[in-house]
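Once you scroll down, you'll see the structures, which are given as structure tokens.
Common to both upcoming complexes is chain A, partnered first by chain B, then by chain C.
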Partner chain A sequence: MLKRVVFLVLAALFLASCAPAAPSTPGQPSPAAQQPRYGGELVFAVDAEPPSLDAHRETTFAVIIPLAPFYSTLLKFDQYNYPKVVGDLAESWTVSSDGLVYEFKLRDGVKFHDGTPLTSRDVVATYNKIIFPPQGVISARKALYSAVESIEAPDSRTVRFRLKHPSASMLANFASGWNWIYKADIIEKDPRWYEKNVLGTGAFKFVEYVPGSHVVGKKNEDYFIKGRPYLDGFRAVFMTDRSAMVAALRSGQILINFRSVTPQERDDLVRALGNQVVVEESPWVCSQIVVLNNEKKPFDNPKVRQALTLAIDRWNGGQYLSQFTFLKYVGALMRPGSPFAMPESELEKIPGFWRDINKSREEAKRLLREAGVPEGFSFTLKNRNIEPYPSLGVFIIDQWRQVGLQVEHQLLETGPWTQDLRTGNFEAMLYFNCDFMDDPDLQLLGFLSPERSPVNYARYRDPVLDSLYDQQSRELDPEKRKQLVWQFERRAVGEMAYQLPALWWNRIVVRWAKVQGWRITPSHYINQDLVDVWLAQ
Partner chain B sequence: MQTDLFQERALRRVARRQNIVVRFIRRYPLGAMGATVLLIFAFAAVFADQLAPYDPVANNFAVMFRPPGPQYLLGTDNFGRDVLSRIIFGSRTALLVAFTSSFVGATLGALLGVVSAYFGGRVDDLIQRVTDIILAFPLIILALAMVAALGTGTLNVIIAITIPMIPRVSRVIRASALALREMPFVEAARAIGASDVRIIFQHLLPNVVAPYLVMLTAFLGQAILLEASLSFLGLGVAEPTPAWGLMLRGAATQFAERAPWLALAPGIAISLAVFAFNLLGDALRDALDPRLRV
Partner chain C sequence: MYRYFVSRLLMIIPTLFGVAVLTFVLLRLIPGDIVMLRYGTGALVSEDVLQAERARYGLDKPIYEQFISWLWGLVRGDLGVSMWTGKPVAYEVAIRLELTLQLAIMATLIAVALAIPLGTLAAVKQNTWVDYAVRVFSIAGLAMPSFWLGILMILFLLIFFRWSPPVVFTPLWQNPLANLTQLIWPALAVGYRYSAVSTRMMRSALLEVLREDYIRTARAKGLVEYLVIIRHGIRNALLPVVTVIGLEFAFLIGGLVVTEQVFNLNGLGKLIVDAISRRDYTMTQALIMLSAGVFVIVNFLLDICYMWLDPRIRYQ
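So, the complex of A and B:
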């Protein structure tokens, strides 16, 4: 330890003396004029290990980022025009005028990596696994497709989905980066085969997965888009140590980290590499929320919950925390600036989002007095031990302290943290809400009653919210749907304050300028198939 | 008349103690230096509320990343918290964990060592084999395993540091107690019918105080290092609690280029405390071991 401390001190002094006086400007992407070039291996970092290889059951980027290049989806998001949906395996599609039938025509000549042709039977088997999983098979996003009544394959290239009722977000749901198309024969034989194996129709063929080290893929010469992919292959390297990841990015051993870097890491890289790297930033469909266990006292009291949300100065917090974490934007349940998000003028009316923090804290103290805890109370905030969770925890604890609450901060590894969250073994917990696109069906899901949503960790039941959710989900007029979403938000985080939105994330991707054909999107769960990516000289 | 006699005796006692302190300083100046540093840390820990210029946990984003200067002597961190105030309050965490775990560990270890030596036979075998097993693991590995099993937090860190210390003290104390067991005064106590408990507590334990004290001071330094190591690895106390190891973690490494003072201050505090304990421990060992008195 002593050696480590001495090393750290010396390193800090050395680095401080080496730092240039003025930071250079971030490099600008310049893909337009260049002609894509074939060849090369893209090496990139992944911050975590996949728990299994099956995207249908998992919810972490650690599955999507290294494995998506091996698979295709029915539709996908256009990286240059998010949230526009384009075909992937689907060549064309139609939606019936009543919104109850979706029909997809599949591309011709698509082959799995074992050489067998893809047919509509494979798509049906895949979506049956996702929407109607057999006993013992986990499907993380099953609830999103609850409107689907049946899936049919009228011929080998046509897939038809019949819905029980119209669903505003259904088409975009078919572009989910999680819905990799698997092979029907395998699913029928063993629906859990894909947890440990890889076989898709993607632009890259699977070579090897070495747990704790890397995933390697090589170019699929039979890929269904002629002339793609450009790369000969890729190597996804698992790097959980952030300083090692930044050092590797700095030295060029890895060329990109698709998830995000922190503002500090961005600045360090730009200072060191100048125009050799390109920085892209985007508001992220990821937010941090405080989950209050509504089954435990005093969090069963709405006045206490409201006091807790009123005590947090989100506007200043976002401004300052964004200087050293990727927490940045203030918003309720929809990503700020996204189509269904409340404008600031509306948001500011919700308790907890008032601009005047002094007034807000006075109100918080008044509510605590009314709730019978005028001197405040003590509780534990359980938190995950990876950034930006601890930083946000420190900030929120300090905010609560200012209205008289004494909060102990307990940091946990991801495993125990998830376990406590699922079993309700907590008073307050910091959690995340990340999705593959901006859609109220996705972002509001965690606020439904537990019977409807397995991800309502705050453990309350509210039929009013359930009803509002259904109404907005079936509403096809965007304006009317928006009003319903706002009504939902006002109740969930304002009047009842069941769970407290903290801050929304800002995605920062630093890539070497020679990595071309990739554009940042608001989600790290999409645009990872590497079909268009190429390496400049 | 009698009162005068008592006063005179009391005065003599004080003078004798002063003489011991003066003699210790003269004979062991380095040890005295270590003791002085530790006294300063102890003073800072006890009077942290009065000494710290700012609240050590209050965020103040208006002054984030201020370099050392007249207003903030050791600068501020990414939350705008005063580093000096966090160092002062951090001494409280460091000393609380170090003293508690070292005292409990050394005391239990001494007791086990004496029991093992006194009873011998199967009791000794059992205690020594368990000791062998625990001693097979490096201190930090054992502490890491304990925290992984118990969870983080101040109390668990204390337990995680205490348990690996017990067998180490026990082994040393047993060696001293083995010799004592054969001494005539122990035989005499047995002859007059003193119970085992009485012999252990009244005759053996008081006579192993010298190695006990040496082990205690040696472990104080190690405990500070262990606490800092665990906190540095994210397994010790959690933010926003001010703790030196925790201050070295996260922000200090993340902002090594932008704000090097974040690593310097806690690094120096840890080094200084460990160094001071080692100096004092060495001096105490020399002072208490008659074989080293030349």
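So, the complex of A and C:
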């Protein structure tokens, strides 16, 4: 009898988990869910915990996703029209014809959550903290604003940025989701106050933060957009275990994970919940790169580096790896499909991106012979021990094996991996790049000479690339800029093959259909203010 | 008895000092530090800025200076400030202690409630189907990791009831129902495994005791069997069982990492692992000292318990 009961329970568990997937309806809100509805608490998962509460100094999404609803930025990206920039605190703005002066008019009647009015002085103090941080204060993205010479507040509602030279990316940089506007009185007194406290002008007021557990926000009744937000509040729950997160999403304890789920998690959720969930996918401004240590032999030889990139079958690799990892799209240094990305017809001309993998591999073998690299030459690929790194590492090693190389795969915990990456203690290493926007100023920064870029881990110097970067950065004509960016890419990853772009990520967000007013964007660092989000039931 | 008590108490000091030295040194042997992990990649900051940040954490000082300063704080009861969150370690521990303690107590109660009756029953009914059933039950408990049992429980609840336990902790005194609906599942998963060890210990200890001369004497003088078992058997068999229960309880304070992750519990086990992976030295050191302290205190209490259970220890 007992055996029978056990058998029945196990059989039921097995059958239930194997049930066929119901079709999902990506992007299709239910008919009843067209009219925004007020009320309700949005509960969502966050995959990591914030080290501090100050977005200016941190680099993890774990700060942005739970805390962005408390803050406003000067500009922001339009979630329905990315990468179009729209005003957040700025009501309007002008850019001088020479591209050297940006002037912003702030909205009237904006209040901090303590009731004090926001003025241009707050914006100036905030940007001074970001661009010209005081001694001992870290500003993680200061380098993006190196063109800014000074910031002024001619009156209480106007902010003026003066630039040393034109910068094509500057307007988009003002829409960065990291640049929360802080209160001047506070940061002038203690620039580190925001590391442990929250006070903004966002759509939600801070209620509580329990480290390791959750962040709670409630509706800001004085929010500067009348009628918003729709939600009464939100609860961001820290869930570092994937199975716990998926179980909670499946049971409706949480309604969305804004960052992403894996393809298997998506399939499991769709199979279990059918039309109750909506799946949204987007190419992600995140990619994996093989960093070759250009200071070590034989990787100082461009022929060897070219051979290594030629050996990788990215087109088939993307198809294969996308079945179980975030990795999917083939591209050079700009996200495939983004405004400055090469079309496939151009990309296919770059060594390593040829469609004919047999031809590529023959060429790789020839280059290795020419460089004097013997058959069976061995080296180590150092890699991080969290997905999708190991899967990609195994794939790339197999690709290199097919041109006669013997590569050892060394998986490291994040600490040693970071240390080796920064100190150059590696031959080849898998790295990632993840940003809040597609602009070339941001995407190409890691490929400049080390004096210009603290994130050039491949340790090479190339004045040609540095010059091309400056030219594209100051070029205000998008078409001309695009050509300069392509020139940069052809040299960096084709001709010189300093670093090898592997694959770009695919962002997959599964949300309960009742979560409305949120649209996926190519970055999880933006569009997290929850201003337009509402619950259908 | 007084000497026994004092000698046990004094042994705590060198034990904790040894743990402190080992923890401090071993942590610093792991490659990478908190600054490297936090700003090593992604942040567009130079090496100079990273060095300044290291200095702010005191990581630029010689290792012996760091050790003395930390130890001095410890002696004064100051656990320091978490390098990761910038909040006092005592605060970070306090917000997690209630959940961890409650889970440990619930799991212990479940384990004791299962282990003592089942172990006794198996010993008394040795080599009958009851004994076999109890042994299968306890071997299954030993074989199944509690986190795996936890995953099965969650899957079962999801598939049959489309429900999973709450993901945010509610204190017992605030809402007992919400609290119990969250914690009963991990407590069952952990308590079952914990009971398996104790059941087997209880069974073998009781079997041994039941073969003693004084048990035969008790039976010979006409004492009813249940009184023989309870008064003379169980009490004498409890000594090793209490040891196991005590040590397991100490392990639960900080040792339930995977179970806490599976049930998304904000407990001390998860905090220790997070602190190590983040190279949060102050937090890790404090938590390991706390964990060691709990072990040492539990051991001390067990020693006291032995005196109560076995009068011979008292008179030695």
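As a convention for this text, the second predicted complex is superposed on the first by the 507 of 537 C-alpha atoms of A that agree within 3 Å, B and C clash if a C-alpha of one lies under 4 Å from a C-alpha of the other, contacts with A are read in each partner's own complex, and residues count from 1 in each chain.
As a working rule, contacts are C-beta pairs under 8 Å (C-beta built on N, C-alpha and C of every residue); 3 or more make two chains touch, one makes a residue touch a chain.
This one's a predicted model, so the numbers in the text were calculated from it and none came from an experiment.
*Asks:* Considering only the touch criterion stated at the top, classify A:Leu445 as touching first (chain B), second (chain C), both, or neither.
*Replies:* second
*Asks:* For the three-chain arrangement built by superposition, which of chain B and chain C touches the greater number of chain A residues?
*Replies:* C
*Asks:* A:His409 contacts which: chain B (first), chain C (second), both, neither?
*Replies:* After superposition on chain A, A:His409 lies in contact with chain B alone.
*Asks:* May I ask you to decide whether A:Phe324 touches chain B, chain C, both, or neither, giving the answer as first, second, both or neither?
*Replies:* first
*Asks:* Look at A:Thr521 in the shared chain and tell me whether it touches chain B only, chain C only, both, or neither; answer first, second, both or neither.
*Replies:* A:Thr521 contacts neither chain B nor chain C.
*Asks:* Touch check for A:Gln253: first (chain B), second (chain C), both, or neither?
*Replies:* second
*Asks:* Looking at the overlay, what does A:Gln264 touch: chain B (first), chain C (second), both, or neither?
*Replies:* first
*Asks:* Quick one: is A:Ser243 in contact with chain B, with chain C, with both, or with neither? Answer first, second, both or neither.
*Replies:* After superposing on A, A:Ser243 lies in contact with both chain B and chain C.
*Asks:* Is A:Arg401 contacted by the first partner chain B, the second partner chain C, both or neither?
*Replies:* first
*Asks:* One more residue to check, A:Asn316. First (chain B), second (chain C), both or neither?
*Replies:* A:Asn316 contacts chain B only, not chain C.
*Asks:* Across the two complexes, find the residues of chain A that touch chain B and also touch chain C.
*Replies:* 9, 12-13, 16, 243, 416
*Asks:* Which residues of chain A touch chain C once you look at their complex with the stated criterion?
*Replies:* Residue list for chain A touching chain C: 9, 12-13, 16-17, 45, 49, 51-52, 58-60, 136, 138-144, 195-196, 210-214, 235, 237-241, 243-245, 247-248, 250-254, 272, 413-422, 431-432, 434, 445, 453-455.
*Asks:* In their shared complex, at which residues does chain A touch chain B?
*Replies:* Touching chain B: residues 1-2, 4-6, 8-9, 11-13, 15-16, 19, 243, 262, 264, 267-268, 316, 319-320, 323-324, 385, 387, 390-391, 393-395, 397-398, 401, 408-412, 416 of chain A.
*Asks:* Considering only the defined contacts, which chain C positions touch chain A in the complex?
*Replies:* 30-33, 36-47, 49, 52-53, 56, 84-87, 92, 95-96, 151, 154-160, 162-164, 166-169, 261-264, 266, 270-271, 274, 277-279
*Asks:* Help me check something: in the complex, which residues belonging to chain B touch chain A?
*Replies:* Within the complex, chain B contacts chain A at residues 57-59, 61, 64, 78-79, 140, 151-153, 225-226, 228-229, 232, 234, 238-241, 248, 250-258, 260, 263-264, 267-268, 270-271, 274.
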